[in-house]
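As structure tokens, here come the structures.
Two complexes, one shared chain (chain A), two partners (chain B, chain C).
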Partner chain A sequence: MEVDILELSDRSAKFVLSNVRTAFANSIRRAMISDVPTLAIEYANIYDNTSVIYDEQLALRLSLIPLITDIESYVPQARCPTCGGEGCPVCEVSLSLSAEGPGMVFSRDMISSDPKIQPADGNIPIVDLKKGQKLVLEAIAHMGYGKDSVKWQAGIACGYKNMPIVSIENCDACGKCASECPKGIIHIEESGATISEEDLIKCSICRLCERMCEISAIKVSFNESAFVFTMESDGSYSARDLVLNAAKVIKGRAEELVGILDRL
Partner chain B sequence: MGYKCTRCKQMVEIDYEYTGIRCPYCGHRILVKERPTTIKRIKAE
Partner chain C sequence: MIPVRCFSCGKVVSNYWVDYKKRVEAGENPAAVMDDLGITRYCCRRMLLSHVELVDVLSPYQ
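Up next, the complex of A and B:
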């Protein structure tokens, strides 16, 4: 297996995963979306709410705020070894919010009981309070999985495509393929059509160029064992940590399977 | 069930049979239900 990183930022990544089967690539994608546990608000104890938003809608809005997650410090509540699911500092974290209008209440106004756990983005608007309106609440965040609710989904816009292969031979430089290409990656030179290595990754394998070529000089196919991955994180993990945690989840499951087979 | 008159701010007990929805102090017809002082636990879903 080989990994070539094309782009890596705090929230997103693009990389080429080579020498793996489609099933493995898809398992990484699925693990990023649904199997990496993250923190999200599960309950809100509302002390006062005189805003225009009713309590249930407010709780829903709070739950969709991504929280920076420390996977080493917290465990999913159902698996908590300390409380067995009752709720304790190992499996839940509390965030309090107290605001009075006039003014917009933002996610950065929430005060966490654990300084490591903060909203991933501080500028998410929660509610606009008018003069005299008050909002006082305590929100309880739990670890959970994206397969249970979208609020626990750390990986967003995770996808992959096969690595494109475009071969050009005996081109007469008519330029029809270049004008038809929706990505604009084919360039016409005196020797014929060319695609640079960087642009090849942008190819969506639509094969419009192949259909337009009257002399069949251009052939488009794809590598079945190489994948161009594109993924984004909601901010609960960095893009790097999200891929790493997804790989750990798959490794953990494989080890679990080996353990079961060993006992047979 | 206690309601509050939006004009005179008095707490009002509604007598549906006699007055209907009307403040007995000022006659205003817009009454609001006061939020209870208990803590509400809401599941975020």
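Up next, the complex of A and C:
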């Protein structure tokens, strides 16, 4: 297995994963979306809300705010060893919010009981309070899984495609393929059509060029064991940590399976 | 209020709203503002582009 990182920032990454099977690439993708636990607000005790939005909608907005998650110090509530799912400091964080209008209430106005756990983005508008309107609430955040609700989904727009392979032989430089390519990556030179190394990755394997070519000089295929991944994180983890945690989840599952098989 | 996340992909889009609104009201092209803010997918772009802010309309009736 080889990983070639093309782009890496705090919130997004693009990399080529090669010498693996489709099943493995897909399990990484699925683990990033649904199996890496994150913190998100699950309950809200609303003491006062005279704003224009209903309590329910307010709770929904709060739940969708990504919280920076520390996977080492929190455990998913359903399998909490300390409380068994009832709620305790090992599996929950409380965030309180009290605000009075006029003015916009932002996610940074929430005060967390654990200074490490903060909203990933401070400038998410929660509600616009007018003069005399008030908001007092306490929100409880849990660790949960993306498969149960989007609010716990850390991976955003995670996807992959196979590495494209384009071979050009005996080209007569007619230029039809170049004008048809929706990505505009084919260039016509005197010797025929060419695609540069870094442009090849942009190919979406649509095969329009192949269809346009009257002499079948251009052939498009893909590498079945190399994958171009693009992924983003909602901010609960950095993009790097999210991929690593996804890999750990898969490893943990495989070990669990081995353990079960050993006991049989 | 602007939805917190994009309905389709889940990216947080509401944190761009205040900035986006200010710049578009100042006369900038919405497409250029979104390109600049790094909102690349069309699912996220429609969230900002098609949003109608109703807070000011509704607030007198609370």
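Note that the second predicted complex is superposed on the first by the 264 of 264 C-alpha atoms of A that agree within 3 Å, B and C clash if a C-alpha of one lies under 4 Å from a C-alpha of the other, contacts with A are read in each partner's own complex, and residues count from 1 in each chain.
What we mean here is this: a residue touches a chain if its C-beta (ideal position, glycine included) is under 8 Å from a C-beta of that chain, and two chains touch if they have at least 3 such contacts.
Note that this is a predicted model, so its numbers are computed, not measured.
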Applying the document's definition of touch, where does A:Ser149 land relative to chain B and chain C: first, second, both, or neither? first
Could you say whether A:Asp121 touches chain B, chain C, both of them, or neither, answering first, second, both or neither? second
Between chain B (first) and chain C (second), which does A:Glu42 come into contact with in this model arrangement: first, second, both, or neither? first
Once chain A of both complexes is superposed, is A:Cys206 in touch with chain B (first), chain C (second), both, or neither? neither
Under the stated touch criterion, which partner chain does A:Glu56 make contact with: chain B (first), chain C (second), both, or neither? first
Both partners, chain B and chain C, contact chain A at residues 50
Enumerate the contact residues on chain B facing chain A in the complex. 35, 39-45
Would you mind writing out the residues of chain A in touch with chain C in their complex? 50-53, 61, 64-66, 104, 120-121, 123-128, 130, 133, 150, 153, 156-157, 232, 234-235
List the residues on chain C that touch chain A in their complex, please. 1-2, 4-5, 9-12, 14-15, 17-18, 41, 55-56, 58-59, 62
Chain B-facing residues of chain A, complex: 40-50, 55-56, 58-60, 62-63, 139, 149, 151
